[in-house]
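Below you'll find the structures, each written out as structure tokens.
Across the two complexes that follow, chain A remains constant while its partner is chain B and subsequently chain C.
The block that comes next holds the complex of A and B.
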């Protein structure tokens, strides 16, 4: 650009180095989105597939291993404090948890996606969430599920297979409909 | 039958596009006029062909042909007629057809212009436009066909295919899944078409730019031809963005208008480079500078249009806007690689022919300030671009996807936006070629003092936050400068011609539409800035659970919850509607009905806020939790000061763009203008 303000004298050719750099930058950019695309197409865990075991460290510091909950139903909800639709479903999630947690057959996990801890804690306090909630450290869990955004809810059946996926805010009726059906199944 | 005709028309349009490309290439190589003419007609023909396909798809949607997968996915019996029609762009496949149709409309319009004076551009405009069109048609035909249907196979399985598999019988579902309820809003119905129009119409200036590069005719002819195209493209893109914000404000139920979501940014990026282009082409026209830069900008804008479409539709990024993951990603990637590398190769090839013809003489000249404007727009673009691709970069280097939130964008772009506002105040006062501090100061001091008076008034009025004072000062300065410019010009014209002031204003704007339309656009931006400052710096909110008869307080407002009605509607919704009375300073000001709609067909809910809207502020009530519990109903309330100036500013902005893009009364050709000058001199 600086050359633009120069007087129009002589014809200076573009140096091969600049041409090379331009193309390298462009190819690098294409490589970048190509890689992104490849990963996006690696695909998420689909319904009926076995979900690998993972662990969630809650805001209280407790570590929950899903492997310890074999044979139970696990509801995994991804949320963030900056996500408005998450506020909409938070009340319902807590209600659903209240309905099931005494039975001991259902585990709820709130996975806090890309957030800051004070704001996330404030969110948990504001909606009175009592089920285990914790940050998705190194975005490991969300990558495993290949989530596309928040909120998203995944329900894993007694045999450890993915039974239900909801992208967008869920409701009490939706969760209990699925969980009741899964509870009726034998492991 | 209808589905076959629609699909057939698409295939014919695809073949015609390919033929047009080949005819254009051959005609250019052999200088064979008949082949060029044939290519031109092929480009013209694509529009009626795709129109036929669109008519077929709309007929299927309106007729409720749920055996067609696309119709099943996006419509239902409960949907009113207008929503069934607009469901055309409610899903991936249909919206690609719609996009191709709009693209073909612009291509057809471009073929109908007078080509006699710049015939050498024609083959390359045909080739570039039709390559883009053929790519989108290819996606529709081979990957995302909206006409595929459900079939029942002899062995009981279900299949989805365009034509009946052997032994299969048609499978006709009773009803469709219905359109996503969030999309059932006037803003949302118009938002995608406007964005698409903005996107596709940028293809035309790009095609002319490429034509100029290929032919080596690198004077400002291509810019003069495409000036109006660019303004129209920019108008639609702006409209799309404004409507999208309005939709978000009305429907998404979080009292916001812009969330820095990757897809929003994907639409914003071409707007940024397009805005920079609109400004910098003026420098090339007036002073012969920045030829390379303009070429880079138009290529960048087209590239960002394609890149943005790719981001939205390929599933690479996480976003609330993204379409479902689809197989078009890799094809899009190929097209991006092809166009980016091709454009850049061509640009570097012609680099030396694109030298500036003039010299920049003053750092305070109009062209220098325009350059600064361009740098600021590019700065915002870089911030946005980095934010969008950062998750991809972090994933490659660290293995984890780190996304950046709104605060990153807000913090990085706020100073740039403020600097742009300041520049909007100063640049119109500077002259082309030569300006000094003295000339600039003479034009600036009156509005400057007036704007400082405004700030002092605000300070006395109780506003203490320095960010707010600074923002209001900028807003005051720009509006005063703009109004003062109008005032000076009108008074001068009144003295010179004796016309009354209103007539002088009218004629003034009529004689130099681009300049005075531009000023109106600037005023629109300032008004929008006022709304944005109001909501960003002064928004307050609260949330509470109340019984009927209970109330919530926020600032000067009190909200009294009367009752909750729950009922079913004719069009398949279950509605929970709260009735609340609103008091301002304990004086009754009205009743609001925030509600929650549950759509039986798609099993989705939608919250619709109740809003009391004035130019001073919005009182915005959302029903957060409607299932009656012992504690009552939960409401969320926002107080959004000044937010309506955002929409008013948007209207002014659009008006200004229309003024700037309106055809001039005088003939535009330099020859006619020269003749006119001679006539004036002779008189």
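The block that comes next holds the complex of A and C.
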């Protein structure tokens, strides 16, 4: 007795639509991972690179747009009240601000990095900082500069390009040296 | 009404006004003292919220066990907000507004963060569907029992000249040639 049967290939393939959707989802997911990795491994803003415009809301509620300061020199200092080296440079930063602010050609911005407001305000009062200081809300500014810690100081030239970076406490001489050079340049 | 009666009435009114003022002052003082005696939130209450958040400075360290000064300040801030009557959600929202989403132990359920919640179950479901499909196909694929006399021609092996040669050889051996 023989058993005859039709061979069954058994290959009921998936619908092309499902395959296409799967591929689109997979590619989209890979794209997102790629974007995340690119962002994670992107280096900090380098000297000569254009610094994107940003805004800082001060502790007093004033909103400062760097876009409004085009053609001026901008000194951006990242600090925190829990950071001891920030205390070393605070007085020098205030002195530098006192030296330049009357000319109206230099803007100092103190960006308070992941801090609590009462302690940050106490820090500002303790060192008598009079230049605009405000919290880095949602850490947007520090992420843009890709800072590695505090204190860090960035100086942006008249054309909006990064001219100076200091990781660690800065000094009056250091700031003056850079700012004077940048002020001497034509916009 | 006589003069004595009027004096008595005025006298009692003065008592009444002073009495009301006294009651108000004592009542106010009691309310103040009750408010002042409101207990400050305990470490456990603070840590219950802090453990669902992460230190924004030191990566991958929950806020409740983070030893830095910054974290101590944030825990103190949580205590302060709790004392002011803020809810856990309000405190978390405040921290997110200040330091960004990365302070949260769980990604917020909005925007691209939804992928974190949607993709794993979707991938699991897709895997189950693929497995079901494979098993169903395996069960459907019945074995082909071929005999030398069968006239099965549909199999792809019959199109293969080597397979035909092999079949012919086997048949010849069976016949004892």
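In this text, the second predicted complex is superposed on the first by the 147 of 187 C-alpha atoms of A that agree within 3 Å, B and C clash if a C-alpha of one lies under 4 Å from a C-alpha of the other, contacts with A are read in each partner's own complex, and residues count from 1 in each chain.
As a convention for this text, contacts are C-beta pairs under 8 Å (C-beta built on N, C-alpha and C of every residue); 3 or more make two chains touch, one makes a residue touch a chain.
Bear in mind the structure is a predicted one, so any value in this text is a computation, not a measurement.
Novice: Could you say whether A:114 touches chain B, chain C, both of them, or neither, answering first, second, both or neither?
Specialist: Both partners, chain B and chain C.
Novice: With both complexes overlaid on chain A, does A:49 touch chain B (first), chain C (second), both or neither?
Specialist: Neither partner.
Novice: Touching A:23 in the superposition: chain B (first), chain C (second), both, neither?
Specialist: first
Novice: May I ask you to name which of chain B and chain C touches more residues of chain A?
Specialist: B
Novice: Given the touch rule stated above, what does A:98 touch, chain B (first), chain C (second), both, or neither?
Specialist: neither
Novice: What is the contact status of A:171 with respect to chain B (first) and chain C (second): first, second, both, or neither?
Specialist: A:171: touches chain B, not chain C.
Novice: What is the contact status of A:185 with respect to chain B (first) and chain C (second): first, second, both, or neither?
Specialist: A:185 sits against neither chain B nor chain C.
Novice: Would you check which partner chain A:135 touches, where first means chain B only, second means chain C only, and both and neither mean what they say?
Specialist: Second partner only, chain C.
Novice: Scan A:32 for contacts with chain B and chain C and give back first, second, both or neither.
Specialist: both
Novice: Just to be sure I follow: which residues of chain A are touched by chain B in one complex and then by chain C in the other one?
Specialist: 3-8, 11-12, 14, 22, 29, 32, 82, 114, 138-140, 143
Novice: Along chain C, where are the residues that touch chain A in the complex?
Specialist: Listed in rising order, the residues of chain C that touch chain A are 56-57, 68-70, 73-74, 76-77, 96-102, 112, 115, 119, 126, 133, 136-138, 140-142, 144-145, 147, 149-152, 154-156.
Novice: Okay, in this complex, where on chain A does chain B touch?
Specialist: Going through chain A, the ones touching chain B are 1, 3-8, 11-14, 19, 22-23, 26, 29-30, 32-37, 39-41, 82, 84-85, 87-88, 91, 114, 126, 138-140, 142-143, 147-149, 168-169, 171-172, 174.
Novice: Tell me, which parts of chain B touch chain A in their complex?
Specialist: Against chain A, chain B makes touches at 252-254, 256, 289-293, 310, 314-320, 322, 325, 329-330, 333, 336-337, 340-341, 344, 348, 351-352, 355-360, 389, 391-393, 395-396, 399-403, 405-406, 543, 603-605, 607, 624-625, 627, 634, 636.
Novice: Quick check on the complex: what are the chain A residues that touch chain C?
Specialist: So the residues of chain A in touch with chain C come to 2-12, 14, 22, 29, 32, 80-82, 114-116, 118-119, 135, 137-140, 143.
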